[in-house]
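The following blocks contain the structures, represented as structure tokens.
Paired with chain B in one complex and with chain C in the other, chain A is shared by the two complexes that follow.
Right after this comes the complex of A and B.
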């Protein structure tokens, strides 16, 4: 296919048609991104439990709905299951002294078996025709509305929680553990709280995603942490660029969700450009790597040995 | 106010790096004592403070603060009795949090942290007044992040946080060592003022002999995990740097050459 034919084959209308779906997905995954924000940004803990707990959320939700439990209750159970997963990672780290990232990998791999046991097989469908689901890809406008409500309530609750004494103790733990301890804060408890809260949100996102797509899959969480990180990083970069000095915690959280929506819009465009679907994970990894590298490279362009040599070096030679 | 009885601590026991950091240390502080701790590198000064703060458990002996035996308590459970200022200005405050948030965290030291809002309007007024007393203009910048402050400002803030609720014991671990001389002098002056105004009991580690002599009512010198000199009152106020150097070589059998105490 020549380049002209390639461009001719792209139809702008098809792109517009996929936008609502991407926005809905971005909103639902935005809840996962908020969870990742809690561990990665507030607690300073790279938590890979996410890949497992996202699928756990989907598995628990779908199996309970299939068993006749109302979908909202099933979501609540999914949140509790996610909290439990976070707690396991936290205990492996605080009570057994396993480094954080390794503790979370252990939980993640354990959850693969747990999720298979919950579902009984690798994939379980839940049809919107047979069950009253909270949202579905059948109606993207409703899904967007529901997603917005969830996101707004969660951001409100997180804004409140991280402004309370306990929330501040978590923030201090993530920022300067030595200071937190000197102020009488039990940093192990704070880590357990934050990891539970985070994975509860991740599981909620998984439960909503499973309903949206109409099935739960054992592999639905693969790479979820990277997408969450992408959303957090895109959101934070935009937040500091747009808000500059008028930064606010609530707005920052909203930007994280916006980051998730932007991520899915970009994915939509990339697919529209007929890039092979198989390369999506590679593409995501490259995006995250670029966004992670930008602050570092920006700093280096201001001050580096190469620059120092160019500016001042050589004079004595 | 502080009773350290026969406390020992050995690091890396059973290895080639075995180090007896505290060797049957005995120290008793009366209420209102301001003790300066001096000694060469590796003498056990900071180790002594860390033992009191509960950074790790001691091997033997007991530590009692204000009548409460804390020997079996980890650091965060002792925190309600202690105020601490660290050597590294980055250690004592949370950089990503606002000045008033840091103070609010300190105001709740030793209390249960629940779901009440982190800071009350009444507290904000108190913080404003206390910050004013530092004379650094921080009272008008309570909403900025601590990470934007200089090292000296951060140490002054940490000092205020450490003494916001009168602690039974104030631990100052070379808290001016990372500052430039002018700022260090200012922070020391503030420490003096805070300690005397609130009648605090304090233990201050320093590597600066002049500071150790000039401040406090009692001076102890450590060497090899032991307290080798303990002077107070009249005798301490008459001490000179030369006296200290001489006493050190007499008591330790070596000299303080090549040590940073000499350079200060």
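Right after this comes the complex of A and C.
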């Protein structure tokens, strides 16, 4: 196919029409990103439980909806299940002294079996035609609205919580654990709290995703942590680039969700460009790498060494 | 602070824009169902049923020169799934003519969430028909549209995949297609014919694959009815295939492996354990049998893809009502055996079996 023909086959209107779907998915996954933000950025804990607890959220939600429980209640149960998963990781780490990343991997693989047992088999469908779902890919405008409400409420709650004494204690634990301990903060309980909270949000995102796509699958959480981290990093980079010195915690959270939306928009654009989908993971990796590298390179070019080099090395000699 | 307000305003406008665009994209019936209430399921169901037939009628009135846009969503690269997609495309290209059909072929790389992204794209494109290849692809497509006709392929059981009640061969939705369900009853008969002395049969499959579960439970029912004890041995991924197979070989007379993607990728490992243990394996499909099995009664994925293509042709040009179109099965099955392994194990198969060609 010639280049002209390739460009002729791209329809810009189609791209515009695809945007709502990507925004809806981005909002739902943004809740997962907020969960990842709590562990990765605030607690400074690489939590891989996410891949398991995301699927747990989907499994619990779908099974309860199939059992006749109203969807919002099912989501609530999913959040509790996710909190429990986070608690297990936390206990493995704090009570049994297992290094954080290993503790979370242990929980993640254990959750594979747990999720299978919850669903009874590897895949369960939940049809929008038969059940009153909170949102569905059938109507993206509704999904966006619902997603916005969820995200707004969660950001509000997190903003408030991390301003309370307990929330500040969690932040302190993440910054300098030894200093926090010296201040009389029980850092073990703070880690438990943050991990539970984070995985509760992840499970909520899993529950919403399962409803959005109409099924839950044992493999649906595979790679969720990567998407979450990508969203957190894209959001953070944009936040510091746009807000510069006027940074605010609530806005920072909003940018994390924005990062997730951008992630899905990029996937939409890659698909729209009719790029070979076999290379999609590669494109994703490149995009995240760019977002990671740009601030670093910018910083380096501004450093005094770089400036000195630009002004001519012989000047000081 | 001003910057912040600007940004929030800009975001709100963007969101509003998206919401509007979201409404215009879908056909009127879907939109009304969606905006009436997030969850008015009965309304959505009736709307989709009504519009399903009307869209079929609309496409039927099109002249023969219309170009049909077909979205293809395949779950993952895989020999069998690739063959089904190939069969589908060849059938439609032949029936419609190469100039009258455009395929938008997308692969979700095994990521079930990407299936939703891809299907959203097809709905936004307003494609004439969607081919969903494998279960999560079908579920994502079914969730994304209640109007665009969806043809599935490589789906073992539509009732399970779509959570249908009172399933009697048609879905009653905007969905039909072909099933890759192996002739399980005949496979069980084959096992009993080749190994009349078998008392315990170990069923080996991947616990992450719903279709394997389904086949295992059906086979267990049939063999159990004939007084044979069945036991399931499940592995979670490629890493524990070896140890699970070792246990299965130690505890069973004969092994059975259903149509299972993970097993298909690990036939070499399974063979290297089962052959030294002198355990014969009956397989659900040809690919696994050629790797590690003794005999199989196999379907051809190209065939079910081709049949799906013919069904799509009927929906697109003849105005066939997809909701009333029965799910179709593989047109023919063949008794096959793996000559190498049969020789090693000293098994002679009846003369109506054909050897699987070495590749």
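Remarks
The working rule: the second predicted complex is superposed on the first by the 286 of 317 C-alpha atoms of A that agree within 3 Å, B and C clash if a C-alpha of one lies under 4 Å from a C-alpha of the other, contacts with A are read in each partner's own complex, and residues count from 1 in each chain.
Quick note on the criterion: a residue touches a chain if its C-beta (ideal position, glycine included) is under 8 Å from a C-beta of that chain, and two chains touch if they have at least 3 such contacts.
These figures come from a predicted structure and were not determined experimentally.
Legend: residue contacts after superposition of the two complexes on their common chain; A:264 is shown touching chain C, with no touch to chain B. Of the two partner chains, neither chain B nor chain C is touched by A:154. Using the contact criterion defined above for the overlaid structures, shared-chain residue A:168 touches chain B, although it does not reach chain C.
Of the two partner chains, chain C is the only one that A:281 touches; chain B does not reach it. Shared-chain residue A:185: touches chain B; no touch with chain C. With both structures placed on the common chain, the touch criterion links A:127 to chain C but leaves chain B unconnected. Comparing chain B with chain C, the partner in contact with more residues of chain A is C. Contact with chain C, but none with chain B, is seen for A:146 once the two complexes are overlaid on the shared chain. Of all residues in chain C, those touching chain A in their complex are 1, 3-4, 7, 11, 15, 18-26, 30-31, 33-35, 38-41, 44-45, 48, 77, 104, 106-121, 123-125, 135-136, 139-140, 142-146, 160-163, 173, 207-210, 213-214, 236. On chain A, the positions that touch chain C within their shared complex are 14, 16-25, 66, 71, 112-113, 116, 121-142, 144-146, 148, 209, 212-215, 217-220, 222-223, 242-243, 246, 248, 251, 254, 258, 264, 267-268, 271-272, 274, 277-278, 280-281. Residues of chain B touching chain A in their complex: 53, 75-77, 79-80, 82, 84, 86, 90-97, 101-102, 104-106, 108-111, 113-118, 161-162. By the touch criterion stated above, chain A contacts chain B in their complex at residues 161, 163-169, 171-172, 175-176, 178-187.
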